[in-house]
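Next come two complexes built around chain A: one with chain B, the other with chain C.
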Partner chain A sequence: MSAAASKLAGKRILIAKPGLDGHDIGAKVVALALRDAGAEVIYTGLRKAPDYIARVAVDEDVDAVGLSILSGSHVALVEETVRHLKAMDAADIPLFLGGTIAKEDHATLRAAGVVDIFTSDMAIEEVVDRLAERLDALQESRA
Partner chain B sequence: MGELNRRALGRALSRAADAGVAEALHTVIHAPEDPIRRIALTGAPGSGKSTLAGALARERLAAEATRRIGVLAIDPTSRYSGGAVLGDRIRMDGDDDQSRLFIRSLASRHTAEGLADNLGALIALLAAYGFDEALIETVGVGQIDCAVRELVDTVVLVINPESGDVVQAMKAGVMETADLYVVNKADLPGADRAVAALNGRGGAPRTPGWEPPVLTASMDDAASVRRLSEALDAHQAWRSEAVDQHETRRRRRAYMLLALLQRQVQRRAETLGPTTDPAALLESLAADFRSFADLVRDQGETRDHG
Partner chain C sequence: MTTPKPKDAAAPGPGGGDAVPPITPSGLELPVVARAEDVDAARIGEPGAYPFTRGVFPNGYRGRLWTIRQYSGFGSAEESNARYRFLLEQGQTGLSVALDLPTQCGLDPTDPLARAEIGKVGVSLSNLSEMEVLFDGVDLSKISTSFTINGTAAIIYAMYVACADKKDVPREALTGTIQNDILKEYVARGTWIFPVRPSMRMIADSILYSNETTPRFNPISIAGAHVRDAGATAVEEMAYTLANGVAYVEELLRRGADPERFAARLSFFFYVHMDLMEEVAKFRAGRRIWASLIRDRFGVESPKAQLFRFGVVCGGSSLTSAQPYNNIIRVTVETMAAVLGGAQSIFTCAYDEAFQIPTEFSAELALRTQQIIAHESGLARTVDPFGGSYAMEDLTNRTEEAIRAVMDEIDAYGGVEKAIEDGWMQARIARRAYERKTKVDRGETVVVGQNRYRRDDQTDDYGEVFKLDPAAARRVVEKYEALRDSRDSQAVERALAALRRAAWGQENVLPYLVDCCHAYATVGEMVAELKREWGEFQEPVRL
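== the complex of A and B ==
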């Protein structure tokens, strides 16, 4: 195991696809990249409801949830997911967002509780690095 | 039992799964007896274990109105990255009412033979949270995976409907460890021949008094899942009469201890690296095992004195 490969060692991450869009190539590419960085990755499959995603995040006790959304309805889906996580006493599970996310929505999404947003134009290495940094920072701030 | 606290159970499972050897030894030594039924599905990669586990869990929940089932589904850890894609859940989960069902995906981590670290302790946690049954899906391994036998009551071998898979299983030695055979995907051609091959397998049954039945299953046939569930009940009923529970518990504990000691040997060998002086490896192992022995003795004394 190289040092670069273990950036996400010991982390469990849920990659989830809420909403109605039917493409998950991006989500699968991310899932494999996270695995290659040492994470244990659970992928939900397409078209999952926010309450389902929150329950899986809780049952699997993940360190982060990554929502992949291409449908444009990201604000509503994020708010719903956050609401369900809170209802399950899991507001502390950090939420990340990836996909086609219009710039003008970023501030709203962050205010709703999204820790970071990864847009489709980012290189996969950059996504992995930034996610690892964010999770490390969160861990430190909580220790 | 009150409503299930999923957050608490989810976290407790993480702690138990992450426990190092010393901590896990403590858990094994002090594990209380628990009545949870333990069923494992094992079999070649892609034979349909996850799909079948999901259907079976729902069938068994419907059969008993208060039953709670915990599923522990194991997928392999990559040796290169240490990461894993845990893909069993996607085949077994649904949007239906989940108040009596809890599914947890596990990576095999340091444990070979299709199992995961501290699996016995994870099953014990399910028992502590009021689950009646633990359903284990092992990693899809082609080779011998008899280890699961040591942790569960009933081993179900899930077989692809090509007789080649039967031959493979016979060679690998998994045949003798199963309590039930299921030729899965029976909607596909070849299932009849696989059943015939299994029925003609010959040899003495592994457990005197229990002749492992050969069943078929298919996801488009609910009755086949019900028959499998009833066969599981029959095996559980037979066991409760014929098998000494104390002996079973002793064997389980012995297996868990051995698994932990093996993990420690492996860990030391890995940290020291392949070029280490053998004497140095033996020295550190001796120190490790001495500290385990101290731990066990101290805990024994604390217990004896109150």
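== the complex of A and C ==
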């Protein structure tokens, strides 16, 4: 495990499937990898509404939320999730996105508040490392 | 002093023999050389005869080529209808309808969970009026249509029957397939709605109704493709699918159905990935196991009922976004495996399908790939060209044993329904996906252009970008609202009430679904009635 990934130990991370997309393997693989890196992973299961996901993130006091979307509906679902997090006064929970995410949408998604975007061609180790680094950097900047 | 050399190391060639790993993606270790003694003619048989190792028809593709069936559909019914007409004009021989997620999950376009997903991964089909548009100008008595639909399969099938009625096409002339395989939805694809028991009942209802009403229609396509794409190996894909097939047969037998009749209309669906030898062996072994299950376990003698007929999809998770044009070659190899394996219908993914809805250009190229293999390669000329090959027969035997071993594990756990309700199968596949991903990440599984032979200056451009018309979703909602205003709402209420009574009792729900479709009840309304009686599946969330 890399130095960055080892900092995930004890972090609480919510992996969520918003919308109707039933492809959950990417979400589960990332969840397993994060758990192997020592994180405490909460997985929502399929077909969760953005307001539900935001509610779980707040109730479970998570350090990060990872959304997995492969249906092409990512822009609308991300915007809605962000809206609900803000409404619950939880806009500071970092939001990550994984799945089939067209390149031309990346700028829009980052502007909406997504910290980082992971796609299926990335090595899983790279996903875990980058997520750990981003969380670490955010923590530094807020400290 | 000399020691006798083991048979497989008798004549080591240059390089010592480790340029190619000895183990298949399913984990079977193969000898360098297969020999005559590995082939047992009695296990092979003849094409079109038990145990059907060599294919379900004695004349292979001579009498009839496989059906070229490209999965397609997006946006509104109007746009999809235009793409279908284009594909048919280009020589496609069957339609395969991709439906959007709201339709698959039983939600109408105005449902809050549906709005973001209208027309995204398939066409929106909320009621009969949309289907009438979808098949406008298509002769349903001549073209066979396949629907990739599961949670709402019985409803979409009922709508197809109602659509035929509207177009004055006799019901018995309808040909095609609904996927209608809920068991694998719980495991991999995720468009379940109801709990396992009522879902199994509705599947049995639709098979029994279809056998009577549309006898040339395949009311189920038991599918391994999605568990495969989710992470299962070729061996597991076949084992899970056959185990699910057994579960459906047992359900129908409990209903008192005649297996001689219904088994003849069961069909299957698989992914073809890149290891051509293993894929061909998978299909040959699958045919053999299914025939023996039907004959020996269920005592069905009719050869027609023992036939393992299957369609395939080439591509999926074997396609890469790195150097995407390499996918054209991958799909070509996979199509050859499907033909050598004796598939009845083939869908070739477009090279850009891993990351977008195919453009008209990439869709045509995928279609041409099949046509070139069908008409130029010579593969279709002789039945089962691999038959009798030492390597293939040996691998078929090994694959059969490995498949049977996985099926025994499922039996030992308590059968597929229990394995699914407990989340045992789901967790197993997730674990396998993690292993597969790790192997690719470490370079143990070679993916050209992604983890081997990658260029520093690689751009991964794929040409034209498909753009869904952003107005399509709005049009779908407008049409939906207009329909709800214009239809005879009392007739809708009556039809829905009758459906609910049937769902509460033991009656076959299919005639009531057809009545609902005729009254222009929507998919969401029908599902809501059924949910009131049957409840919803509670997903076992387990990692």
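Observations on the structure shown:
Throughout what follows, the second predicted complex is superposed on the first by the 137 of 143 C-alpha atoms of A that agree within 3 Å, B and C clash if a C-alpha of one lies under 4 Å from a C-alpha of the other, contacts with A are read in each partner's own complex, and residues count from 1 in each chain.
Definition applied: a contact is a pair of C-beta atoms (placed from the backbone, for glycine too) under 8 Å apart; a residue touches a chain by one contact, two chains touch by 3 or more.
On a predicted model such as this, the values are computed, not experimentally measured, just so you know.
When the shared chain is aligned, chain C comes close enough to touch A:Asp21, but chain B does not.
After overlaying the two complexes on the shared chain, residue contacts for A:Glu104 are found with chain C alone; chain B is out of touch. Contacts of A:Ala123 after superposition on the shared chain: chain C is touched, whereas chain B is not. By the document's definition of touching, both partners, chain B and chain C, reach A:Arg35. Once chain A of one complex is fitted onto chain A of the other, the partner contacts of A:Arg55 are limited to chain B, with no touch recorded for chain C. In the superposed model, A:Asp89 makes contact with chain B only, not with chain C.
By the touch criterion stated above, A:Arg47 is placed in contact with chain C alone, chain B being left untouched.
Once the two complexes are overlaid on the shared chain, A:Ser73 sits against chain C while remaining clear of chain B.
On chain A, the surface touched by chain B in one complex and the surface touched by chain C in the other have residues 31-32, 35, 41, 43-45, 49 in common.
Taken in their complex, chain A has these residues touching chain B: 1, 5-6, 8-10, 12, 31-32, 34-45, 49, 52, 55-56, 58-61, 88-90.
Against chain A, in their complex, chain B makes its touches with residues 6-7, 9-11, 13-14, 18, 77-78, 80-87, 89-90, 93, 95, 98, 102-105, 107. Remark: chain C residues 101-102, 104-105, 107, 112-117, 120-121, 185, 188-191, 230-231, 320-322, 354-357, 429-431, 433-434, 437-438, 441, 450, 465, 468, 539, 541, 543 touch chain A in the complex.
Residues 19-25, 28-29, 31-33, 35, 41, 43-47, 49, 71-73, 76-77, 80, 100, 102, 104, 119-121, 123-125 of chain A touch chain C in their complex.
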